[in-house]
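So that you can tell them apart, the chains are marked A, B, C, D, E and F in the order they are listed, and the count of residues begins at 1 in each.
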Amino acid sequence: MPIVYVTRHLHFSAAHRLHTDMLNDQKNKEIYGLCNNPPGHGHNYELEITVRGEPDPVTGMVIDLKELKDIVEKEIIAHVDHKHLNYDVDFLKGIVPTAENIVIAFWEQLKNKLSNCELVELKLYETPRNIAIYRGE
Amino acid sequence: MPIVYVTRHLHFSAAHRLHTDMLNDQKNKEIYGLCNNPPGHGHNYELEITVRGEPDPVTGMVIDLKELKDIVEKEIIAHVDHKHLNYDVDFLKGIVPTAENIVIAFWEQLKNKLSNCELVELKLYETPRNIAIYRGE
Amino acid sequence: MPIVYVTRHLHFSAAHRLHTDMLNDQKNKEIYGLCNNPPGHGHNYELEITVRGEPDPVTGMVIDLKELKDIVEKEIIAHVDHKHLNYDVDFLKGIVPTAENIVIAFWEQLKNKLSNCELVELKLYETPRNIAIYRGE
Amino acid sequence: MPIVYVTRHLHFSAAHRLHTDMLNDQKNKEIYGLCNNPPGHGHNYELEITVRGEPDPVTGMVIDLKELKDIVEKEIIAHVDHKHLNYDVDFLKGIVPTAENIVIAFWEQLKNKLSNCELVELKLYETPRNIAIYRGE
Amino acid sequence: MPIVYVTRHLHFSAAHRLHTDMLNDQKNKEIYGLCNNPPGHGHNYELEITVRGEPDPVTGMVIDLKELKDIVEKEIIAHVDHKHLNYDVDFLKGIVPTAENIVIAFWEQLKNKLSNCELVELKLYETPRNIAIYRGE
Amino acid sequence: MPIVYVTRHLHFSAAHRLHTDMLNDQKNKEIYGLCNNPPGHGHNYELEITVRGEPDPVTGMVIDLKELKDIVEKEIIAHVDHKHLNYDVDFLKGIVPTAENIVIAFWEQLKNKLSNCELVELKLYETPRNIAIYRGE
């Protein structure tokens, strides 16, 4: 049976600040530059979830994209949309919210929530120019 | 010799309806929701064809992109553009026109039509948010 | 008080066929070409609604964009999304569903539904390349 | 002499919170919903500045777009990029940072800084779907 | 009868160099900077043509967009696509090919070629960030 | 430790001509068509650089995207932006500037300039429709 990849695109708007307690303020400023601004700044994040699987021989679908959207909205978007990622999100507590760390945390949120298909990639656009991708490696 | 991937982006506008004769009307409505609307709905589909090969040492091209475009227009676009995918397309007869099934059918149309390069991926955007990818697996 | 214009972007997917009973089949084919395909074809329509008004001195908003979105979804999107514009839409009955005619019909649907701000423009993208704009002139 | 409009597109990333001290917390929540989240959320704002004027008969330019970009970066972008609009921006102090209020404040910043051409429109995309436009009316 | 605006989007790829014989080389470099590079540089130009008129009561169209496209391709695109704007285009001879001057020259090419509708705006994207608009003023 | 891919998007505007001295003029015209226009034509090229690596356990970054941007601007963009690729670029001398050949040459420029992360893909958009990808194979 052929294997097809299916991608769903969603978005959310959030604030974040890049800062780690493992370094002093001076060092934080050097490393994170403008992203270290104390009250934070923000982005319209774009998120692409890709799963793979065999299309069901009756329905012709790997997964109902409406169902995939509902799962991602419940497990991820509802927690981060219109939030400040440093303060408001349980599963990001204690993590510097770089795009790299966010996309790994999103993977952990999603990985056991999908049946009949395999999560293969999360792609997070912080801006249209800055992108992080995690494939569970 | 280095291997390069070359992608060509095309588009077409088509109507479709998600409905399978293997299930009754009630079940079709449950599974496909709004996509089961009897006369159908439609999309501006975007299609990306990716091939790989060694650039020709004289021309510097894996394949002339104009030639690739002409092949895809003849084998695929001419059959589906401004058509209703449930009624007008020979190579989609008997198939529920989900993005997954369409992209597999497109692959079958194209796979023996390219010389000197290898078809490696078809990516079909049903909308900018709903995407299916087939790699011949 | 300053006047600000506010635009909200929405989208819907629909099928349509360009055909008029005022002309015979031959003439319809000549005029509408591929768009005259009997069962229709379709598009991911994009719709931009622009209103103008004074921002409220307390809230700083001309209109709550969430409220504007809800009104447009109720008055327009719910009627046309995942529909065939020739068969399924009461307010398009008897109209050839060209982008021009659709955008005028949408204006009629919306024009008396907005309070505290003035509807000034509807912009309808049939594709990213074909656009119709109506300003109530 | 012909009059030409010239538009320059820039972007910045910022956090903001919609909240007014003129209303109590309960009322703020009702009006602003998710946008009232105390530490804020954020956006990749896109800003389009349009000026009009006669192209210089020697240079063929209404204004050097590099110069226009430099002015807007100095007068606006440097103040708001990677900032929290409620705390970090002098010219937004005491203003609820709705897109409407921001775009009016930007106009005030820019209006006396351009010579040989006339500022005619500022268009601010808070997201690709939510847009405010100010024309100095 | 209602008036509708119709916009068609086209594109072309061209090289150009900003340089005027009315100034010496030193002055050209100061004014045009990188754009003065002797053999030129280039762009994927995007062009939007907007016309206005009453939709035909029978066809529902202001103008057949396919016909509008054909006219613009014949009068403009065929002359500039895959060309060097300083050397290859008759109607740009003796003009510094700034976006401002190009869009005025395009208007002259088109203005007498459209019947039953009025040309109201040409919008030329030199890049997604640099735009010139001409409305015949 | 998890492996994350990070992508940075940049752009440049350049002219080029497809022509090889290994073939006569007639043959060049047959193969390259409009792209063989003697003074050249041009594009707004878009370039996506993807690297992979483990996010640093302190900073949460695979590589500082600002640093990645600075490296790519120094090694690639500064050499090609606002240039004619056939005449102005040392590392493209003697190469037909097809997208395939350009992307391989860019890889050679970058491959030894990145520390702590691995260059895995360069994706070059000549236009939004024509794309070449190199992965060092």
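One rule holds in what follows: a residue touches a chain if its C-beta (ideal position, glycine included) is under 8 Å from a C-beta of that chain, and two chains touch if they have at least 3 such contacts.
If you're wondering where the values come from, they're calculated on a predicted model, not measured in any experiment.
S.K.: From chain A, how many touching-chain steps at minimum until you land on chain D?
M.R.: Each step joins two touching chains, and the minimum needed here is 1.
S.K.: For chain A versus chain F, which are copies of one sequence, does the interface use mostly the same residue numbers on each side, meaning over half shared, or is it different?
M.R.: Mostly different residues: under half of the interface numbers shared.
S.K.: Compare the CA centroid of chain F with every other chain's and tell me the farthest one.
M.R.: Farthest from chain F by mean C-alpha position: C.
S.K.: Comparing each of A-F, B-C or A-D with D-E, which pair has over half of its contact pairs in common by residue number?
M.R.: A-F
S.K.: Using the stated contact rule, I'd like to know whether B-F or E-F comes out ahead in C-beta pair count.
M.R.: More C-beta contacts join the chains of E-F.
S.K.: Could you state the distance in Å from the CA-based centre of chain A to that of chain B?
M.R.: So the centroids are 28 Å from each other.
S.K.: Taking each chain's centre as its mean C-alpha position, how far apart are chain A and chain C in Å?
M.R.: 33
S.K.: For chain D, which residues are shared contacts with two or more other chains?
M.R.: If we look for residues of chain D contacting two or more partner chains, we find 128.
S.K.: Which two-chain combinations touch?
M.R.: All chain pairs meeting the touch criterion are A-B, A-D, A-F, B-C, B-F, C-D, C-E, D-E, E-F.
S.K.: Can you check the complex and tell me which residues of chain C touch chain D?
M.R.: Residue list for chain C touching chain D: 2-10, 50, 55, 58-62, 64-66.
S.K.: Using the touch definition up top, name the residues of chain F that touch chain E in the complex.
M.R.: Within the complex, chain F touches chain E at residues 11, 13-16, 34-35, 37, 39-44, 81-84, 86-88, 127-128.
S.K.: Report the residues of chain E in contact with chain D in the complex, numbered from low to high.
M.R.: My answer: residues 18, 20, 22-23, 31-33, 95-101, 103-104, 128-137.
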